[in-house]
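In what comes next, subunit A is part of two complexes: it sits with subunit B in the first one and with subunit C in the second one.
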Partner chain A sequence: MFGQVLYTQWKWARTELFLYVLAAFLVPTVIIRIGYSQVDAYSISNVLGVMGFAGAFFGVLALVCAFGLAWRPYIIDASLRHVGPLSLPVPWATFVRLRFLAGATLLLIPTIAVLLGGVIATATSVVPATLHAYPGGVAIRFLFASLIAYSAGFLLQYVAGKHAVRVAIGLFFLVIAVELAVTLLGYESMVLRVWNVFTTWPGPFSIFNARWMLIDV
Partner chain B sequence: MCDLTSRRRSWFVALTLVAAATSPRPAHAQSTGELRIRLLAATRHGQILKDSVKALHEMRTLEFPSDSLATSELKFRFLKSNVGADLQATLQAAGTHAMSVADSMFGDAVRGIAGTTSILATRSRSRFGQFSTVDMVTLELADGGGRSTLIRAPVTQRKLEDGILDLLGTMATARVPSNVIQWAGGWVPSRRLTHETWEDAAIDLASSNAAIARTCYSGSVPACESALGLTDVHDALSEWYAPEGWRILVSSWTPPKDAYSVIADRAECIEKKATQVCERLARSRPVPIPLSFATRSTLFGLALERGGRPAYSRLVGAKGTPLQMLSTAAGVSPDSLIREWRTRVLAATPKSASPSPVEATVFIAWTLIFGFVAGRRRP
Partner chain C sequence: MSDAIIVRNVTYRAGKEFAIRDLAMTVPTGSVYGFLGPNGSGKTTTLRLLLGMLPVDDGTISVLGHDVPAGVHKALAKIGYVPERLHLYPTLTVEETMRYHAAFYPDWDNARAENLRRGFALRAEQAVERLSKGESGKLMMLLALAHNPDLLVLDEPTDGLDPVVRRDVLAALLEYVSARGATVLISSHLIHEQERICDHVGVMDDGRLLAEMPMAAFRGGIKRLRVSKAPLDRGDLPFTLLSRGVSAGREEEWVVRGWQPAMKEYFVTAESELREVIDLDLEESFVELLRSARVPIGVAGEEN
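Showing the complex of A and B:
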């Protein structure tokens, strides 16, 4: 059963996965090449600046991969009113878990591309003496970050259903409105507090807050 | 219809004329005389502003009662009608806690430090464009002292504590030998060093363009002392920086727009990597100490932490070079202090490597929780 679900999701997602793999594989090398041509490799702070830029790319790619893989299967199922999944001889919850597992498994593909891209990018660059290359570390961070973002996107999609986009936009505007009101009334930002809970250890999104540097101190 | 068009045209012409009359005039070269007059005027305005601030400060010093609030030796002066009962209570709590934090750094000397002068507190409220009032509190030293701190809304006990600790650090600075303060380039640290401060120092050490900093990174204690600016150097440029570093130094500053020969030399240094030109240009400016003021302050903070409560008192009475005085304060030899500092800096290096097993477990747990909850609702 899992094999079938995985195969179906692979068929649906293979084009975008190809794009993610291409981006994960090439973009770090391209950013480092362009970055190094603009800065002096001896100026270590400049090298760290370029790496920070490449790191931001990995974070964004993790989000894009995750949300793409989380939302697409649901949208396809919803367009057919979930007839396929509901007619299967397994409970809905079991089916959703298989879908979840299949998407999470597919995230390994861009992770491997990140690893290989990172290895090639750092092997072909000058690494200053006081810095080190971390292609493996970045790949593992990428895997965890994409898993977290994938599961959050999956949760939103499968709980809010066809209203997921509206719920996401509504949440966004609610946050803006609360923040605006709180600021105007002169109180401490609540949004900042909630944001800190989610983005600092042991919050789920603290992985995005870490250093994503291919070459770092 | 024709009348309407004619009226529109006349409006358009009038608006064009007004726009032409009020548009910015093209810049023209200024003579030396004009520039001198402008410079003198600016200096006079600056002096007037400085005098006004001083007069305002003196007015507040005279106006505020001397016994507004006291927590231990720390005294605050403010107008009760201005500060209000709520802020007064918060200020008292913040003062008490700040004194206990400062006590861990300065020991018994904290009482003497806090008694040096009182802190003036002024509360200002803003209603402009707001639905409700927004508080701001200014804390400043009564004897001037060169430091004041503004606490923006929302005014919390934590923010007040930080402000008070900053001012205690300023008061403590006045007693410390001037060559240590000159070396540190700031005030005496009044609170314990945080992990973030050490982390910044680790990044500074690893990313410094100075060759001496790399030697320090590799493990040489004398190199660390030199990179921190604690030892005498005969030729700072060649002793601290390698020729590649000269280029980075030159590229880090922008020459004036009309210094054409310097601009050309700079381009030759950076683009053609002409070492002699780089050296000449680098020598034309003061050579910076390889490690930043913030990094140096970690050594200062470590010396106070290492020496315990009597460290500050020992520092005040110490003599010699800044390194000798810091080691006297710490109660260890200079080399041991620098070795410990280097170990602490390297230990704080931020981790770009993979997450730890605990972190990985927590992230997997979050993923599973989200995935499990997702299956609870049928479409």
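Showing the complex of A and C:
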């Protein structure tokens, strides 16, 4: 069963996966090439600045991959009113678990591309003597970050169902309204506090706040 | 004979406008049960309730001996389902779709599936999104038959298909049923098609099951009577009066259910005259049954 679900999701996602792989593979190299052409490759602070910029790209790519893979199967099933999955002789929870695991497995493809892209980018660049290349570390961060974002996106989609977009938009406006009210009342920013809870260790999204440096001290 | 499907007092509300109310139906094992009703009468909703796709508000459902929804997954392994609308993933090919379904059904028969594919002239490499309506209908029937189901639940399986494809699909269905003795619950508004293949019939309208009986009783038990000097309303009718309208002069036309020739005696005792007993075909019977459910009994001429 898992093999067939995985194959189906692969077939749906293969075009976008190709784009993710292309991006993961090429963009580090491109960023480093362009960045290095603007700075002195032997200046440590300049190299770290370029790497920090490249690192932000990996975080964004992890988010895009994760939400793309999390939402697409649900959208396709919903367009067919979930009749196919519901008429299969397996409990809904089992089917959802298969969907989740298949999407999570597909995240390995851009992760491998990030690893290879990072290896090539750092191998073909000048690494100052006191710095080191960490393509494996970035790839592992990418995998964990994309898994966390994928889980959040998947959960939102399968809990909120067809109302997921409305729930997401509603949450967004709720946050703005609360923030406005808190600001008017003269209290410390609520959004900032919540953001800090989620994005600093041990917050679930703290990995996005970590150092995504291909070349670091 | 045991019953493949037993539904008792099922209620389901879908929004403010539509509800299934106190549904009770029984599909005998080995029967071909025609589920008749106009569009929007609740046939598809009922089938989805039977398959556990919708939660009942009240009542009990048993399918192939399994309670729904608790044991529905065991039942689904033995059910072939053809939904009203295409439920297949468009980007998969015919072969991939067959492999996908095979993975979920323990009794999937690859040889049967392949035979059906060839019999239906479906190309293995053809993408589902490029199939014609007829080919999609054939593929859905293939998927419903290939795991040797004991029960087939078919929701308008031939709706919109051309006569040749319809014949192919029905032939495959009947061949399977006669070889295996499977039970079939087939929903349709194509009455003449139902008349040909069904031995039991249930009629649904506005979320209620109006009647359920063997096809022979349905076909032979509903009659139009021409009555002169018709008696006033009496509570001792030996049959069910479905409708009553002015025919010509002092004659009335009655449509009745459960008619037996011996019931002529009733008119003698009521001091009226039964002038003619007219057979109705299935479609007329169906229409009369629906009309009687929608319009209170009275003299049609007086209603308007």
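Keep this in mind: the second predicted complex is superposed on the first by the 217 of 217 C-alpha atoms of A that agree within 3 Å, B and C clash if a C-alpha of one lies under 4 Å from a C-alpha of the other, contacts with A are read in each partner's own complex, and residues count from 1 in each chain.
We take it that a residue touches a chain if its C-beta (ideal position, glycine included) is under 8 Å from a C-beta of that chain, and two chains touch if they have at least 3 such contacts.
This one's a predicted model, so the numbers in the text were calculated from it and none came from an experiment.
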item	value
Touching partner for A:Arg97 - first (subunit B), second (subunit C), both, neither	first
Partner chain in contact with A:Gly3 - subunit B first, subunit C second, else both or neither	second
Partner chain(s) touched by A:Leu185 [first = subunit B, second = subunit C, both, neither]	first
Partner contacting more residues of subunit A (subunit B vs subunit C)	B
First, second, both or neither for A:Leu106, with subunit B first and subunit C second	neither
First (subunit B), second (subunit C), both or neither touched by A:Ser43	first
Partner chain(s) touched by A:Val217 [first = subunit B, second = subunit C, both, neither]	first
Shared contact residues on subunit A - subunit B and subunit C	86
Subunit B residues touching subunit A - in the complex, by the definition given at the top	130-135, 153-154, 156, 202-203, 205-209, 213-214, 217, 244-245, 247-248, 251, 270, 349-355, 359-360, 362-364, 366-379
List of subunit C residues in touch with subunit A within their complex	51-53, 73-74, 76-77, 81, 83, 85-89, 91-92, 96, 99-101, 103-105
Subunit A residues touching subunit B - in the complex, by the definition given at the top	40, 42-45, 47-48, 78, 82, 86, 92-94, 96-97, 100-101, 104, 129-132, 134, 136-138, 140-141, 144, 147-148, 150-152, 154-155, 157-159, 161, 184-188, 201-202, 204, 207, 210-213, 216-217
Residues of subunit A that touch subunit C when the two form their complex	1, 3-4, 7-8, 11-12, 76, 80-81, 83-84, 86-91
